[in-house]
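Labels run A, B, C and D following the written order; every chain starts at residue 1.
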């Protein structure tokens, strides 16, 4: 299994063309954050904004509107319970991130199904957290779009039917091909699969073993694929960068918080910008 | 087309007279932020406060009260749906900024019309974002006041009927004279028109191509024209400063967020203060 | 007129005794922040906390609860519309600060009257902003307590019936004696009166001429008088420190925000701690 | 009485194993924050997150949801008034912290009783603030679990029936054995008891005599016992670290705020990590 290298990242994070505008960097819609897990979608949205997505809209429960705007005035709000809003807005995004803090109850399931029914062929959809769990449990038909899954090992077991102990490159690859998707299998050294290759992330620290890290990564991936043409390399770069920042911060910190990683994204992307 | 120079800015940002008080630096009312775009008016208001406006009141939907006060306790709140409030307060401001996150639905339109009907001749009104779109669409009569428009190229097309590809100095100037206004035409190198001259902004970086930048600029312009006598030079200086800060931050950041620019305004204004 | 000196401040900010606890540093209740001016009472409360008050409770409209707790989790909340709460809590404070963002409508007036009726003889009450305006307008009887007024010049005109142009040491002193209070008359060089002396503040910068500065000073005064025995010197020290911080920050900033001053209070108090 | 030493702390804060995940570091549920004291449970929760707890859920009044998520998106929310939620979630935690800002009214009492009835034998419960007061007042039966009490001297008087003046090692130890608990008796030099030993905290500064310090300590203890095997040493280390951070910050600050201590936890834990 190859390692994600600094070179891949360097070749992905292009120098922004002078004559560009926010539309150049993609419209990202993030969907999640029920009445208990509002923080998750705030972190994912903030990661997308700090990664450089051009325009970010957060679809969440109305109860999270105040904390979203205060924490991240750069994001726009949409009510994920309002079907008309979903219908008119979902098709307008380049990238959809669904799952952070979405929950798994009937309301969550309804939203997931509705969003999937609206997704267009040319859209990219990042599928995270409880969205993966619901897909596995309810055998939900996947949309005909560019799909990126970000399961941790237990979620991958649910989705792939491969027990954690049996999760190895060969077994995983069979399922990845079947899914016809990019799969980010999160663990101590995260592995990133697409249909014909797999890369392992060299970094990662136990200092980042804390709630919200996955939400942050999902948002970063959303922001990266919105901007960079080679989607697989964009995902590899987001995974690399996420743990690179954590590794650096962990030199001085026993724990690294998601919010701290998010704040460092613009600086670290600059360091790895294509020369 | 002349370039905005450091000299213009230096001659605009006067040393504050010792015997002055908050009233000296103007009362600014900012109007916008519907139930989806509350972040926009928070950023615009914060930019006005950080630019040194004496007193800032934010007219927005009540749903945005909490995030506004938490993010920016320096700003006062007013409910933009309350006509009595609009009637009693609008005439008391030196500067009105209308548009950031206002939206374009019937409620937004009603507010815009109401505010325009209340604006007095000696007031300055900065017209941004969805306010421009509504003016173009509904042929709204402009108030008899000192007007500053801040369109991006597509909004300028709507307002001026000049297609983006045909937007050049001559064509634009004809429309600017007709509007009898200052027009800040936002693009990679923003151009600032008044009836007898036009300046181009030398700065600007693709790192700032992200949502909320326009809202931030509108708030800065509001803050600058509230304080400095020569209104055209105040606008030129706000445009220059906005991109100057972004250019500096972009040396270390791949993306520059509106909130980060806002925080730097007091320091950069000090650097460019008249000697 | 004497100047407030560094020595007065040095002799006031005592070294905290080792064997002390939060009760040693006073209970401060701050009352204000209606549905439009919530930020004012947040800033005042934050200034009291950062000045070292032992326990801070903020009495405000329920609509401000979220922004208060998020901005300043150190403060407790109480609903200022709830008479039972006022009745049981008001007598428990060492210091009451009333006025920041309280407003002047009938609801505000009712709260002011209620609070004044509950204040005990040994309590200190700092009377600021709209509370002063209402006292002047409605000839409200002052409570029999230790009173500190913090008017700007127009509020002093309302309270004292001395026109701004006629406000001089002699005229002011007559009224101060009549009020039997400490009066902080805010202007470019703020003057602090008590019944037998008056001091002028040497510092102050036009960079601090922005909304919220008075609220911040009122909260600092509340925090200082809660901790230091000589009440007049505590007020002099708060006034001195408030502008000292602004003067320092203004070396690098064109404007100084109240929130920025508040954050510096603990560091500046340390610099001026009694040796 | 022995002193807590740097060695105890060094031997407690283990180097995190590489092959670990957030589940390794414990699930912590914090319960408190009524409609007046929401800030208390926010500070306690933030302290737990910054101490490295793997997953943090905050059980509080719904009115505190916005400020919680905005201040600390890393924490999940649960409504402490919803008995079904308590029933399904309480047994899933490794550590329960109950008390910060919980209040002492009938609603608070009901929640305390409900939570205690749900606690399992192998769970750790940190009992703080108003929870202690209610236990003393209503003679509440303690759960059969690993119990840690964090009273200040007055709360200890209520719980132990030992008057503050009579609180000495021998008297306290009798009651501690009866409680079969760890007891953190907070004072200038905090003492930490378990059934066969007692340690005194060498640090602590009067600069930290301000509201919210106890809530912060309770949250830190929750975070530490969730991660480190020797529970008594984990408590000793949290107590040591809490005042160590305050002592360091107090070198430059006259007052130290709970929020400032919280932000420093990850860095200080790193400094004391086992070598």
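As a convention for this text, a residue touches a chain if its C-beta (ideal position, glycine included) is under 8 Å from a C-beta of that chain, and two chains touch if they have at least 3 such contacts.
What you see is a predicted model; the values in this text were computed from it and never measured.
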{"item": "Chain A on chain B, rotation in degrees - Cα superposition, rounded to nearest 5", "value": "90"}
{"item": "Distance-maximising chain from chain B - centres being C-alpha averages", "value": "D"}
{"item": "Interface numbering overlap (same over half, different under half) for chain B and chain C", "value": "different"}
{"item": "Geometric centre distance via CA averages, chain D-chain A, whole Å", "value": "34"}
{"item": "Chain B and chain D, separation of their C-alpha mean positions in angstrom", "value": "48"}
{"item": "In chain D, residues with contacts to at least two other chains", "value": "66-67, 70"}
{"item": "In the complex, chain A residues that touch chain B", "value": "13, 16-22, 24-25, 49-56, 65-70, 72-78, 265-267, 269-270, 273"}
{"item": "Sites on chain C touched by chain B in the complex", "value": "35-40, 42-43, 46, 63-64, 66-67, 70-71, 152, 187-188, 205-207, 209-213, 252-259"}
